[in-house]
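So, here's a batch of structures to check.
Here chain A shows up in two complexes: once beside chain B, once beside chain C.
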Partner chain A sequence: MAKDSTKHLTSKLLPKKNLEQFLDALLKQYDVIAPVEQNGFSRYQKITRGTECCLKYRLPRNSIKEFFLPQDETLFFFEPGAASLSDAPSAKREPIIFPVRPCDVRALTILDAVFDDEQFSDSYYVEKRRRMRLIGMACLEPDDTCFCETFDINSTDGTGCDLFLTEVEDSYIIDVLTTKGKTLIKTLADAPQELIQKKKQQVAARRKSQSLKLAEVQNFLKQCFESELWEEMAAKCLSCGACAFLCPTCHCFDITDDVAGKIGRRLRSWDCCMFPKFTLHASGHNPRTKHAQRLRQRIMHKFSYFPENKSLIACVGCGRCVVACPVNLDIREILSTLASSTHPASP
Partner chain B sequence: MKKVKPHSQKNQSQYKPSLARIIAIEVESAVRDTRTFTLEFLDDAAREQFQYLPGQFAELSVAGAGEAPISITSSPTQPHPEFCIKRMGVVTRAIHNLSVGDTIGVRGPYGNTFPLETMEGKNIIFVAGGIGLAPLRSLIIYMLDAQHRSRYKDITIIYGARSPGDFLFKRDLKQWAQRQDVTYHETVDKADETYTGKEGFVPQLLEEVAPKSANAIALTCGPPIMIKFVLQGLTKLGFTPDQIITTLEMRMKCGIGKCGRCNIGPYYVCIDGPVFSYRQILGMPQEY
Partner chain C sequence: MELENQIEHELRERAQQLLAENVVDLIIGYGRGTLPNRVTPVFIRKPQDANMLVWNNHCQLNLVSYLQRMQSSSKIGIVVKGCDARSLVGLIKEKQISRDRLHIIGIVCDGILDTRATGEPPIPYASCQHCEVNVPPLYDILIGSPDEIKPKKPSELDAELAAFEALSPAERWKALEQEFSRCIRCYACRNACPLCYCEECFVDQTQPKWISEGTHPSDIMIYHLVRALHSAGRCGECGACERACPMGIKLRLLTQKVSRDVAELFQDKPGIDLERPPALHTFSTDDDNSTFL
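Presenting the complex of A and B:
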């Protein structure tokens, strides 16, 4: 994805107490997407006032993928019976997401590899990606379910963002990383040198998230395809798809037609390889009828097939699937169970 | 076989179909509810863009019903694209309900092609069952075209259907049977009183015909159970996995490697297939 250069332009200062005001100023010109508090968690959604933004929780339950690949998206309209198609109108105001964590930024590069590849670029995704401004935020303290470090994601690095915030005392230091980002902070003062120094110290001393030994992940998964462990691990899976819907990198979708009166729409909607009908043929044949086959597909796709094709692991260690699974399937345990089955600990 | 990448289709709205008019409908088999639809694009740009080769498919759609992936059964040497469609579910039923003059949506062409260059200078054996002839027919017509015929050596066609009423493309079969430069064999699983030809399954006929494997490529499409025995038969005749080409069918939606549905191992059947060598198939998870 062609983004403008990510070299560090300048550092600005935003006192925390001015955050709402900062967002309100952005709202005059942009659509702002920010975490909004719900019952004990937050969700990314469009806000109308700066006060709605809630930074109490590190990662909102939903990922930012829905702003690039909406859960339901109209591909075009048609009038049933008439031989013409019309485009869905595009949004007028440019959007901003605040704040985006480094794992979710990496997830976008994974989606870019799918939707903006050299052979077929998906104009719906690419257009949203082009219009979006990303204001990132560093993680100095990971959550228990975070394991971004496993995938070499530096949680204090703003690569891929337009602006990148790091919390220092009662302020944010804003690194301005792109010219697109520069237009958003015109009124802010430069950050004082001592705070910039302090930020550097904090970053160096940050608590890293947990790391799995994934170096050989592709190799060991290849040996695990026929493993009996899949059955065992999938025994409690409900095929509910919560893991995939909340995952920032899962991108499987369905295409269907929806007709209400004289207005027809061809829709693309999220789908999930964990659903039993995902691969069902019209003939009744289904190559993946079992939970175990589908769990294996999700894991193999992320950690073996996708890396083979795109040289990227399709997981960023955000832990959303770990938090959301109603039967406590933990992707970290799945991987380590498989890994130790191929490398039994020597006595 | 390498992953074959068709020409880039960047900068298009990938999901909006071009519109085409149905200019002919041929009822191929009343028993199996199979019809061939001949299409003509409504605008020149769409016709220009629809440059295809044997093996590729398109997403056909009826507004309100949805889309279905269908092999292009015509050859690019013919003036209009043709699709042979068996009535199965929602979309294929909606297509069957259309008449000559109605419009239909077409996205594509998608997928890779039969390995046209690898097959040059070789003896070619087609082994087809039922509607499996649809994708192979494109290649047969292509090879038999005066422009291309000299590039391929002996052409043998082995075709089987469940019953005499199930034979598709009867006009083509007749022609192929009459041509001097084609060896044509057919069989039915179960004969009836009107039928005087061979009775038996395709793999048996293959064993009888016993095509030589030297300097040959065999292409097979048909129901999974037939393919299984044909692969065994060809192997017994000395064909290596590289000399056997087939197509895989997976449920599909996008056709362009995005929606994830047709994924098997590192392959996406919609862009890396639907044409695969038996060698490639042996190397992938048995999830088709």
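Presenting the complex of A and C:
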């Protein structure tokens, strides 16, 4: 995505007590996607009132990728047997996501590299990306499961957002980063210098998240395709898709035709390399029947193949998979096991 | 020494002995997790590794779901709670694993704490609060004392489930639709369930294709309803499906409702009696026929 040339226009002040009112004002004109409280976690979904927004949890359980690459996306409709196609209707109101954390913003650049590079541009993705407004929020304190520092993500930097909020005392300082962002905060007052200074101090004093040693991992991955470690690490993996479906960067999809009576639709839906069916060939052959082969694929794709092809690591250290894995198969532990492995099996 | 630590201590000792004496060549148990209040499955093959085993009130996984993968081990030791043992009895009855290959390490369990609940003090999972199978119905070794468990009072009946039952069919459908609207089709529930062992699940079949990909509500509903009906009369009510769900869907409403129906209609509690055939695998002229159309 092209960067907006308007770099940091100004700083505005939003007292926390006015947050609901601020969201209600946005809702008059935009679709607002915000975290909503569930049973012990929050989930990004469209809200209808500012009061629904819940900021109790740092990261919602789902990532924002579903608003750019929906789990269930109609590419077009068709009539079976007839030569007629029609476009799926697009949403009328422009959407806003509030709040987006810097790890999730980085994840979007990874999706951009897949769906909007020099060679291929996916019109469905690009259109959603173009319409979306992102209101970011700084993380001054990481969660125990955060490891974004591993990927040099500055959790207080708003690059990629239209507006960026930093919590200072009982207010948010809003940095206006794009002209698109500027239209959202017309009624807000400028932030007082005193609080802007305070924000700078807080940003400088932010507590950084865990940083894992990735150089060793990537070095090891180049020579460990046949290592016995994969079997060991995957022994407890259930091969469900919780990790991949909650991951903000996992982007594999399937395309199928879905026909009901006279209406057919071409459907793009999420797929997942942890499922045995993911690699099932029409012949019946399956090159990845084992849990270990599938876990290896997921790790290799993120930390070896994707960096080779796109010069980006396809993980942002959000820790969603760490929290949600039903058997506590922790990707941080996988990475440290790989990093500390000095004797890879020969290929 | 606290009760839990006593159990853990004895568990490690017995496990070490079983491996050292070659009674088993593998023990599947719980080990320390990477997060507070979480445990993780461990697969122990050497006596000196037995001290990796842990027991505490966060041992929420049903390890029975790993048994069928362990084809290379001739004799397996497995750590089970009462509910886990019920699914193990089910697997033996359905001839998915031979009793002779197992050395069952049963643990007396007073309930597992709900990691999702935010209140203080921590409360057990709903499926544990109403559990009456604190002692595994089948074991080779039993660790812990049944006398330490407080018996449940009738007043402790599952209020949430009772409220769900009291709804009209249309309201119940609506409540399920609401729950399943969060489903992301990751199949963690299915994969965590020891009794979901079909080599090819109907949702993965492409010829014929029973349901579409994507998240159409009717496809999601079909998946959950078929899974619930397929486990009717077999489900050991361990709650592993609900605990595995990353989206916090109350799968229990469906699975335990079906279990309660089976108990009422056929006076059967699956997974308790190794000799009794599963209720829906047999037919008797005395069966309640009121549900036949």
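Note that the second predicted complex is superposed on the first by the 338 of 347 C-alpha atoms of A that agree within 3 Å, B and C clash if a C-alpha of one lies under 4 Å from a C-alpha of the other, contacts with A are read in each partner's own complex, and residues count from 1 in each chain.
Please note the rule applied: a residue touches a chain if its C-beta (ideal position, glycine included) is under 8 Å from a C-beta of that chain, and two chains touch if they have at least 3 such contacts.
The structure presented is a predicted model; accordingly, all values stated were derived computationally and were not measured.
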| item | value |
| --- | --- |
| First, second, both or neither for A:Q71, with chain B first and chain C second | second |
| Partner chain in contact with A:Y124 - chain B first, chain C second, else both or neither | first |
| First, second, both or neither for A:S269, with chain B first and chain C second | second |
| Touched partner set for A:Q297, first chain B, second chain C, both or neither | first |
| Which of chain B and chain C A:K16 touches, first, second, both or neither | neither |
| First (chain B), second (chain C), both or neither touched by A:D254 | both |
| First, second, both or neither for A:T145, with chain B first and chain C second | second |
| Contacts of A:K182 with chain B and chain C, given as first, second, both or neither | neither |
| Where chain A meets both chain C and chain B, residue numbers | 254, 256, 271 |
| Contact footprint of chain C on chain A as seen in their complex | 38-41, 43, 61-62, 71-73, 144-145, 235-236, 238-242, 244-246, 254, 256, 258, 267, 269, 271-272, 275-277, 291, 322-324, 326-330, 332-333 |
| Residues on chain B engaged by chain A in the complex (per definition of touch) | 5-6, 8-17, 19, 42, 61, 63-67, 88-89, 92, 103, 105, 224, 249-251, 253-254, 256-261, 263-266, 271, 285, 287-288 |
| Parts of chain A lying in touch with chain B, wherever the complex brings them together | 75-76, 78, 80-81, 83-85, 87, 114-115, 117-124, 225, 251-257, 259, 264, 266, 268, 271, 273, 278-283, 285, 287-288, 293, 297, 300-301, 304-305, 308-309 |
| Residue ranges of chain C touching chain A (in the complex, touch as defined) | 33-36, 38-41, 43, 61, 65-66, 69, 116-118, 182, 184-188, 190-192, 204, 206, 212-216, 243-244, 246-248 |
